[in-house]
Structure formats: structure tokens, C-alpha cells
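Next up: the structures, one after another.
In the two complexes below, chain A is the common chain; its partner is chain B in one and chain C in the other.
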Partner chain A sequence: MVSEAVTAPVARARRPRTGTGYPRYVAAKAGGAVVSLLAVLVTGFFLFRLIPGDPVKTMTGGRPVSAEQLAAYRREFGLDLPLWHQFTDYCGKALTGDLGTSYQFRTPVIDKITEALPNTLLLTGTAFVLYTALGMWLGTRSAWRHGKLGDRLNTGLALTLYSVPSFWLGLLLIIVFAVGLGPIPGLFPTGGMESGGKEGFAYVVDVAHHLVLPVITLVAVEYGQTLLVTRSALLDEMGSDYLTTARAKGLRDDLVRRRHAVPNALLPTVTLVFVNLGRTVAGVILVETVFSWPGLGGLFYQALSVPDLPLVQGLFLVFASAVIVMNTLADLIYPLLDPRVGR
Partner chain B sequence: MTLLEVRDLTVTYPNGAAAVRGVDLSLDSGSKLGVAGESGCGKSTLALALLRLLPAGTEVGGEILLDGEDVLKMRWGQVRAVRWAGASIVFQGAMHSLNPVHRVGDQIAEPILLHGGAGAAAARKRTGELLEQVGLPTARARAYPHELSGGQRQRVMIAMALACDPKLVIADEPTTALDVMIQAQILRLIEQLVSEQELGLIMISHDLAVLADTCDRLAVMYAGRVVEEGPARAVYEDALHPYGKALSGAFPRIGDPASRFAPRGLPGDPPDPSDLPSGCTFHPRCPVALDGCEVEDQWLREGAPGRRAACVHVGAAVRSTT
Partner chain C sequence: MTTDLVRATPRRLAWQRRRRSAVRFWKQYRTHRAGLVGLAALVLFALVALTAPLTVGSDVTGVTDAPGNPLEAPSTEFPLGTDRFGRDLLGLVVWGSRVSLLVGLLAAVLSVAIGAVVGITAGHFKGAYATVLMRITDWFLVMPTLVLAIALATVMSRSLGTVILAIGVTSWPTTARLVRAQTLAVESRPYIERAKALGGGHWHVMTRHVLPNVMPLVLAQTTLMISSSVLAEATLAFLGLGDPTVISWGGLLQDAREAGAVSAGDWWYLVPPGIAIAVVALTFTLCGRAVESVLNPRLGVAR
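Let's look at the complex of A and B:
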């Protein structure tokens, strides 16, 4: 699974070889992305109609309501129209940025999303930078001393954490470091993004304090993949003749690694980095829920438990778009970074 | 003055392959030594051993005296100082020996900056001069290796090898991957640069004819040993050792790649270095082997003034050549 995620975009990105090929390549990639986005739009609509339950009933929360009131609700949300009509309505509006109105909040879905998006970006962005740096650094060291004890400990730990469910690790961290366990005092807040009532620098510190545990959780479960991919990419380069040349020139071992081996090995890893960024935004649902982080993931959880159809659809669109856009960016950037591919 | 003196060099790879088994070589400054032999006889291993570039875990024995100092006894810091500044290598196959993601100019300048302590501007100027010396326009410094032809890449490798004015240049099959026309150009270039600057040259090739043209002396290797050594012309035209004879008969034309792995008139395959034949390692393929050859190991012995070979027949054959 690891290698698939990485090699596929690389293989595709290697295609443009001629000097004039790049604009055409960009057009093709962008076209492909648009088609994927449209497919997501359609899937999003039909997929969530399959969820059992009457949305209007959930809206009224089981209170006794008259038939007229129900009909009024149905009309308000367009649920009295035939399905195909609802579908064309939804598509038309979605293309203009109108994702409908949330059943439970009674506000436009797009507002809820733009409200929560910065919080998610703060959390995932911080985690992303940290786990990418950590994964690449450890992966490089591991490959350079492959087979040694350090390498085996490194990869062993990474694989273990990689297979740990994020919500479980999150809960564990909350119990130990937020609630406090035995002699360990509760060092960090159990959830949320701020304690409230703080301003300026104190506010920044407060948010950072709240960030610690969810970021640790995300980094722990995500850095392993970067580590393994970096490690195997570097291992592939290790026997290369140009490394012998570099050594023959009299370069120190760490310079041979940094200046010659790593730049060659990291090119394929760049693709993974972008793919990961998209994936992390979409994969943050569990962690945000566990830590009550006011982001898209927490919102998605709330929307699903109602179920709040328009909100679920809107969020699904955002998550899927994040993955598609990042994959496309990876494809577009790779040929610019690798001088062999040309542009 | 003796520039390089190799004494009883042995190399055993971690998998047990005895790739070099007691090689003696000697090279005066400003002179040119050719090393010939079939694929797998240990030529590249020998070259890498001279600068201690063999993979970790490889056992290396003997002495490698470069300017009187034993490379095998040096601390790593000294070894790094000797690399490229004392002796440089033009590697086999310039396609893979250049780093694909760095501009060739930067790769040439790298050892200049490292060893010369020169500033960036001086290094760039020197890089331009080197490129011109090997017949490339200065502007090619900005090219990436994949933007150059095979011959141009080999020229870059040569420019790089000369960057720090080493006393010794080791050229490991510098022309193997090139077509015949370009081969001749590159050979002439190396010859000219080496004689202009009075460098010592070790030229490695499977092609005896090329070496006879370029070098002063010739060493023929078989299964990790030098089996014949002498003045280049004499070894090429009238080899003492049966293997040397087969090798010089094998190349009717310079650079015929088909003959590389199967010298003409020589049956069988080169031996596997982790499972060598007993006695004289050449005996399973030798057309003039005697009964004793299966058991008795052979070492280089004087066959004629300035000529040595490792074969029972040597000594008897001497009279006819003088």
C-alpha cells in the first residue's frame, strides 16, 4: 500500500520528456482532476441518500409535529421535489459555491465549513510539517545504516505506530497526559482548541498548549509511512556509481549522503508528501473527534450522527477535493523538480 | 621516481569472492601502465582498492605505496585528502558515474572547492578551463548529465579527474560504452592530456590493442592475478603467457564489443572468483597445459629482460624472443 501510493504518481509524472510537453501535460492533469471532482460531486449526492432515516424527522428531533409543519419543512429544504430535480438543483448550486443549508444549524453549509477549515489546517498543517521532517530525517539515517540495530529499532517503532488506530492512541494520551495517571499530573487540556478569555500572546500559547496532544497523535501514526518510503528510496540509490564518484572525490560520508544521495532519493518522496497532505486533511476526523477539535473532522462527526445531509455532502466534497488537488499538484510539481524529466 | 608501488595486494569481498589475489605493480611518475583482462578478472576491484573505495566488510591486504605512503595504513582523514588530489579515477560508464541531479559544472568544481580551498569564482574559472581542455564549450558547465552525449559525458569525467592536478589518473575502461569513432577521440585526448601534464596513468581495458597503442607497459590479469607484465608493444605482439597470447589474438579490430567476453580461440568461461580452479587457475582453458599445471600454482618469473610471466613454459620460450 505504501509503495503504491508513491510509485503510481511518479510513474505518471515521468511521462513528459520533450521541451514542449509540459503545458500539454498540465492541461491533461488539470482535465483529469476536474473529471474526478465532478465524479465526487455526483457520488456525494447519491451515496448519502442511501443513509437510512427521514431527514425531516431527525430535524424535528422526535417532537410531535403536524403534517402541515412536516410538509413546510420538506418544501423549505426542497425534499418534496423528485430526486432528479433535487440532483440538478444540487449540482447547479454546488458549482456556484452554494452547498445548501445545514439541517441542524440552519446556516449555510459553506459558512460552517469556512469557519472550521482554518482550525483543521492549523492542526493538520502543524502535524504535517513535523511528521514529514521527522519521517525524512529518520528514514535517511535508517537507510544509511541499514541492517544495523538503530535501523531495525527505527523501522520497528515506525511500523508499530503506523498500525495503531489514531483514536486509540489519542484516548491513551488523554488518559495519561490530560487526565493524569498515578504520579503523572494532567499536563494538557483534554480537548478543544482554547480555554477562552485569552488574548494576544496568551491566546497563542493557549492554542499551542491545546495543539500538543492531537499533533503528537497525528505525527505518531503518520510519520512511519514517510520514514519507510524515504528509507527505501534512499536504499535504491545506495549502490549507485555516482556515490562512488562522490566518495572518490574525497567528500566526507555525511556530505556524500546529504549532497548526492538524498537529493536523488527525495524526488520520489516529494510526491508522497503532497499525497499525504491531502490525505491528512481527510483523515483527521477521528483525531478531531477524540480531542473535540473544532475543525472539519469534528463537524463531519456531528453531521453524520444527525444525519445532516447537506453538511455531510459538503464536507465529503471538501475532503475528496483536498486529496484530488494534492495528487494533481504532486503530478505537476514532480517534473519541475527532476532535471531528468525536462519541461 | 616511483609514483605507485603495489605489493602483494589481495582483495576478498564479503561474500568470499577472491577478486584480487596477490598483485604487484609499479608505476613511475609520468609513465603509463595498461591493465588488461577479461570481464570479472578484478580490474575494477584493483582500481577501487587503490583509493580504498571498496564496500565495507571487504578484506584488503598487502601494501599500496602512493608517493611512498601506504594508503592501506592511512587514517580516513588522510585517505580523503589523497582521494582526487593525489589520485583520481575516470570511472567505467560515465552515464551512471555522474550525479543526475547536479549540473556537470558543479560536479567538476566540487573537488576543486574541497581540496584546493579555492573560492567559488576561482573554481568556476578553473572548471571552464578544464572543459575547454577536454574540448567542450565552457557553457556546457550548466548542462545536466542527461543533456550530454556519451562521449561528452566521458569528457566531463576526464575534466573532473584532472580538476585537482593529481599525480596519478586511473582510467577504468574509459571508452567501453562509446562507439568506435568516439573511442579513438577519447583515447587520444587522454593520451595528450597525460603527456602534457606528465601524469602517471593506469589505463584499464579488456582490449589489448588499445592499451598497446596508449601505454608504456602492460599487465595482463587473469583471475585476480597479474599473469604477464612487460613493455606494451612486446606483450601485445609476442605474449609469453598462453592467456596473453589468446588475448592479443582476440582483438582483430579496436573496440569490437562482441569479442569482449569471449576472446577468440579461447574456450570456456573466466573462472568464478569464489570457486577458483586448483594449481594454475588458467589450466582448464589452457591449450598448452601440462599434467603438473593442475596442482602447481604459478608466480611471475623473469622470462626476458624486463618481462615477466606466470607459466611453466616461461623460460623455455625466452630464447626465441630475444
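Let's look at the complex of A and C:
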């Protein structure tokens, strides 16, 4: 009885074993997500604390510093306390949104993150919508005409772009379309998010102009995965009886595809869409670095080249939590779309 | 009669069986054209990397006494131009293949080894041990691999070992899941029960019966994993987290960026290492997909 009271939320959700399956499923998945997030928190601490080398030495970068100054630094960053004390301190602070102070910027990590977050959301959001749409569209077309020349070209190109390092593609795009190569003039800016000094509509156009090349890079390296999964999901449906029935009714080919085959085939793709968002998080680090985009990825690169441990740690927490939340959302949405799963 | 008896030792029978299945495998693999192209490219890359000490020699990496001027465009003397120290880029790309392939291979082997051990033990020992292990696996599975690898490489010292470790310990969960599923399928078969009844212990069952059955899966997984490891190595090196003292493709790209090749429009500095990375990654992906579709026709990978 006592143990039930301790795990109250989970226990309450588990009791109605018959009937309402979905709330119980939600509680289980949410519980799992909370455990994962706590694991991220703990990993974040030990990964950056139990390392060889003195963080204060890294911070001062080998410059000659007096012992008093070193001690002052230690006190400032709480490095003079016992490890368990540091750990409880860190957990308490992280849960209230205090991720410490950046070594190199001397400002709270959380401020740097909230500053960069909208820029990253703009870049990943735009790219995400485009590559999901492109991947699904090309994937359905490819599967519907599988084995034909178009399908082979499609999958071949997707596999090739999937093997290309995103940062390299970005660098090439900069050389060709931003710096200009031979007869091609520099059409787009080489990096950054704005030229400065613009307001209103002109500002929006300016940001969109800066957005083109990074988005193309992200879309090119990410759409292949969606394409291949959509294609194989649709291929699995291709032999189904209900498609033969639909054709026997006299439906046009593209109606059979749009109304009957695609909705069923999209189910496995939904999971992937969210998992992809997690992959994009990693992809964005490189793309933002290459294009000097002032987002979380660019910040991560600045932090790890110092290395600015509180900032790396804070960004690690943000990236990992974002992925866990996305995966949990996928798990929660999936049974609503496909009643056969998770009940 | 007597010769037949001599020939039919268990060991010989086992080898005959293995040879037959290898021949069968090769016959089916041959029908995958993409897989054959990949295999041919793979052999070519392996030859280039292995013969690099003979063809270009380690002198090519020397910064002093470089043969050309810094950042020379491609010419007959330097087919791919020179880097920022005046070194021959063609030689550097050939030499860099050694590190890129070695790190890719070792990281993949480490990752698949961890995955196989976790998968087999989690499938064999059920109960609390397996539950905890699979929880950890699931947690690693949802973590963004690259972010974790970057964080690990940041806090450790810059060396090839760090890169291999950072890639290996972050990318094993997929393999662990696949191997566990296969282990569960194998362990439900009657001959495992027979082996246990005859007194076979955990070690015997896992190494003699389960391992040979998951081996094909492990091989296919290794091939696919090398592809992503090569990409991961290039990424880490590009971010400046690789060993600064060795030449690798990712490191060459980082050099190019630092030397201002991008804003100067020196495309010839950037193109060769990137193409090398992409082609090697593609090659291993093609081979891996072909191996996978031979071993598991249900996956329906297009030929």
C-alpha cells in the first residue's frame, strides 16, 4: 500500500486495466520519457565531471595565473565543493533552468541557449517540412513505379546524397553559389542570418535569402531516409487485396494510390518523421557551423572548440531532451493513427 | 569404406557445410549488381590504402620541404593541386584513406562487438538482467548518436583511440536490438533444449549455438556500420576533435576551411576528400544492403 502511494501517478494509471487502454499507454510512455530525461541529466553531470584534466586549467588556457585567482575561479564555478554536493547542486539548478555560467562568454548558459533557439527552430523547421514532403512525394512515386528507370534514379540519388557528409555539401554550395565559380556569380550570402540594418519586410526577405543554402544542404542530406522508408512501406502494401478491389471498382490509378495505398503506407513513416527530427538535431550542428548560422549548432561548435564545458553540457542536455521528447510524441501519436498498435 | 570414415569427422563435416553455405551466399550475392559494384570499389580502396606506403610514402605528410607552393591549383605536376603547406593533395588523399578506413573499421568492429555481446546475453539470460540491459539500450537508441560522440570526444584527449571509442560506444544499440531478436528466435528452437539437456552450460549455448546463428546478421551489420563510422570520423575530424597529428579526409576538409579555401573559391582543395568520404560510405552501404538482402530476403531491398 505504501509503495503504491509513492508511485502514485503510475499506479493510478495502471489500475483500470480493462477498458481505457490509451491513458494507461500514455502514462507508461510519459513515465519512460521522464526516466530517460533523468538519465540524460545524470549523464550530463558525470560525462563532464569525471574527466581527466582540471576544468579551471582549460578555462585559463595555460596562461600563468596566480593560485589565488585559480581558487577564485574554483569558487565561482562551484568546483571546490565535494562531488556529491556539486551533483545535487547541479540537479537542483538544472531543473529550475539554471545551467551554469559559460566560461568564454561569462553569461548564463540558459541565456545563450534561449537566444540561439529561435534561429535553430527557423532553420530546422523549414528544412524539416521540405524534406519530409519531398521524401514522401518521391518515395510514393518511386514505389508506385518500382523497378522502372525513375525509381532506380530516385533511390540511387537518395542513397548517394545520404552518404555525402552534410558539411562538405554545404562548403561546396558556398563555393558555387555564394562565392561564385567561373560563370556563376555569387547569388547567395556566404553565411550568417542577416546582413544587418534592414527592417520590416526587407528584413524577412533578407533572412529568407540567407536561409536558402543551409536549407538546401539539410534537405539534400536528410530526404533520402524518408524516401526509402516511404518507398518500402508502400511496396509492402502494393500486393494487398484491397488495392485490387479498388482497381476492380474502376478507380483511376492515381485515386487508388492517393486514397487507398498511401494512407496505409504512411503509418510507418510517421514514426520516422519524429525520429528524423532527432537526426536533424545532429545534422544542424554541422550545417550551422559551416554557414555561421547563429543557432544552437553554431553555439555548440564555438563551445567545443574552447572547450567551454558548461555550455557544451547545457547544449548536450537540450539536444538530448529534444530528441527524447520527439520520440515520445511519436509513440503517443502512433496508436491514434493506427489502432492496431499499442492497445 | 575406411577413407569415408576418416573423412566424416565432425570438424570436416562442419567445414564442408560452411564451404557449401559460403558458395551459396556468393551465388546469391552475385545477382545484386549494386552489391558487386560496391565490392569492386571496396577492393580498390583497400588496395590503395594498403599500398600507400609504396605509392606515396609517409614523406607526403611532412610540412617541411613540401614539394610545391601553398594552395597551387591542379597542374600536371600536382594532379589535385597542393594544400596550404604546399603538399601534394593527391598524395594526402591517398595517405588519408589509411586513417579514415582504419578508424571506420575499428569503430564499427567495436560498436558491433558491444552490440553483439549485449544482444546475445540479453537474449540468453532473461529476467531482471535483460530488462535492465534493454532499458539502457533503448535509452542509447533515442540519444542523438553524434551529439553524444561529440561530447565524449570533447572531454577526452585528442587521439585516434578517442575517436574510435566515441563512435563505438555510442552507435551499438541498433545492433544490440537486432542481435537480441535473433537470439530469442534461435533459443526457442529444440536443439537448444537438446544442448541444455546434454549438460551444455550458458557459455556453451551462447558461443556454440547462438553465436554461429547470429554471425551473418553481425557481418551485415558491421558492413553497414563501417559506412556510418567513416562519416562520423570525418565529422569529428572536421569539428577539430580528431587527432591533429595524423592526416584523414575529415582533417583535410578542416584544414581547407581553416586555410580559407571556401572564400577563395579553391574548390579543388575541398572536392577530393569529400568525394572519397562519400564514395567509401556509399560503397559500404551498397555491400551491406546486398549482404542483408541475401541473408534476409523478407527485407525486400531492391536489386
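By definition in this document, the second predicted complex is superposed on the first by the 305 of 343 C-alpha atoms of A that agree within 3 Å, B and C clash if a C-alpha of one lies under 4 Å from a C-alpha of the other, contacts with A are read in each partner's own complex, and residues count from 1 in each chain.
Going forward, a contact is a pair of C-beta atoms (placed from the backbone, for glycine too) under 8 Å apart; a residue touches a chain by one contact, two chains touch by 3 or more.
All values derive from a computational prediction rather than experimental measurement.
Under the clash rule set out above, the superposition-derived model of chain A with chain B and chain C shows the two partners fitting side by side. After overlaying the two complexes on the shared chain, residue contacts for A:L251 are found with chain B alone; chain C is out of touch. In the overlay built on the shared chain, the residue A:H146 is in contact with chain C alone; chain B does not reach it.
Of the two partner chains placed around the shared chain by superposition, chain C is the only one that A:F319 touches, whereas chain B remains out of contact.
In the superposed model, A:S305 makes contact with chain C only, not with chain B. In the superposition on chain A, contact of A:L267 is made with chain B only, not with chain C. With both structures placed on the common chain, the touch criterion links A:L171 to chain C but leaves chain B unconnected.
Set side by side, chain B and chain C differ in how many residues of chain A they touch, and the one touching more is C.
Superposing the two structures on chain A brings chain B to within 18 Å of chain C, judged by their nearest Cα atoms. Residues 36, 39-40, 47-48, 51-52, 146-147, 151-152, 155, 159-160, 162-165, 167-169, 171-172, 174-176, 179-181, 190, 232, 235-236, 278-279, 281-282, 285-286, 289, 300-301, 304-305, 307, 309, 312, 316, 319-320, 323-324, 327 of chain A touch chain C in their complex. Of all the residues in chain C, the ones that touch chain A in their complex are 139, 142-148, 150-152, 154-157, 227, 231, 234-235, 238-241, 250, 253, 256-257, 262-267, 270-271, 273-274, 277-279, 281-282, 285-286, 300, 302.
The residues of chain A lying in touch with chain B in their complex are 240-242, 244-252, 260, 263-264, 267, 338-340. For chain B in complex with chain A, the touching residues are 48, 51, 53, 80-85, 88-89, 91, 93, 96-102, 110-111, 114-115, 144, 146.
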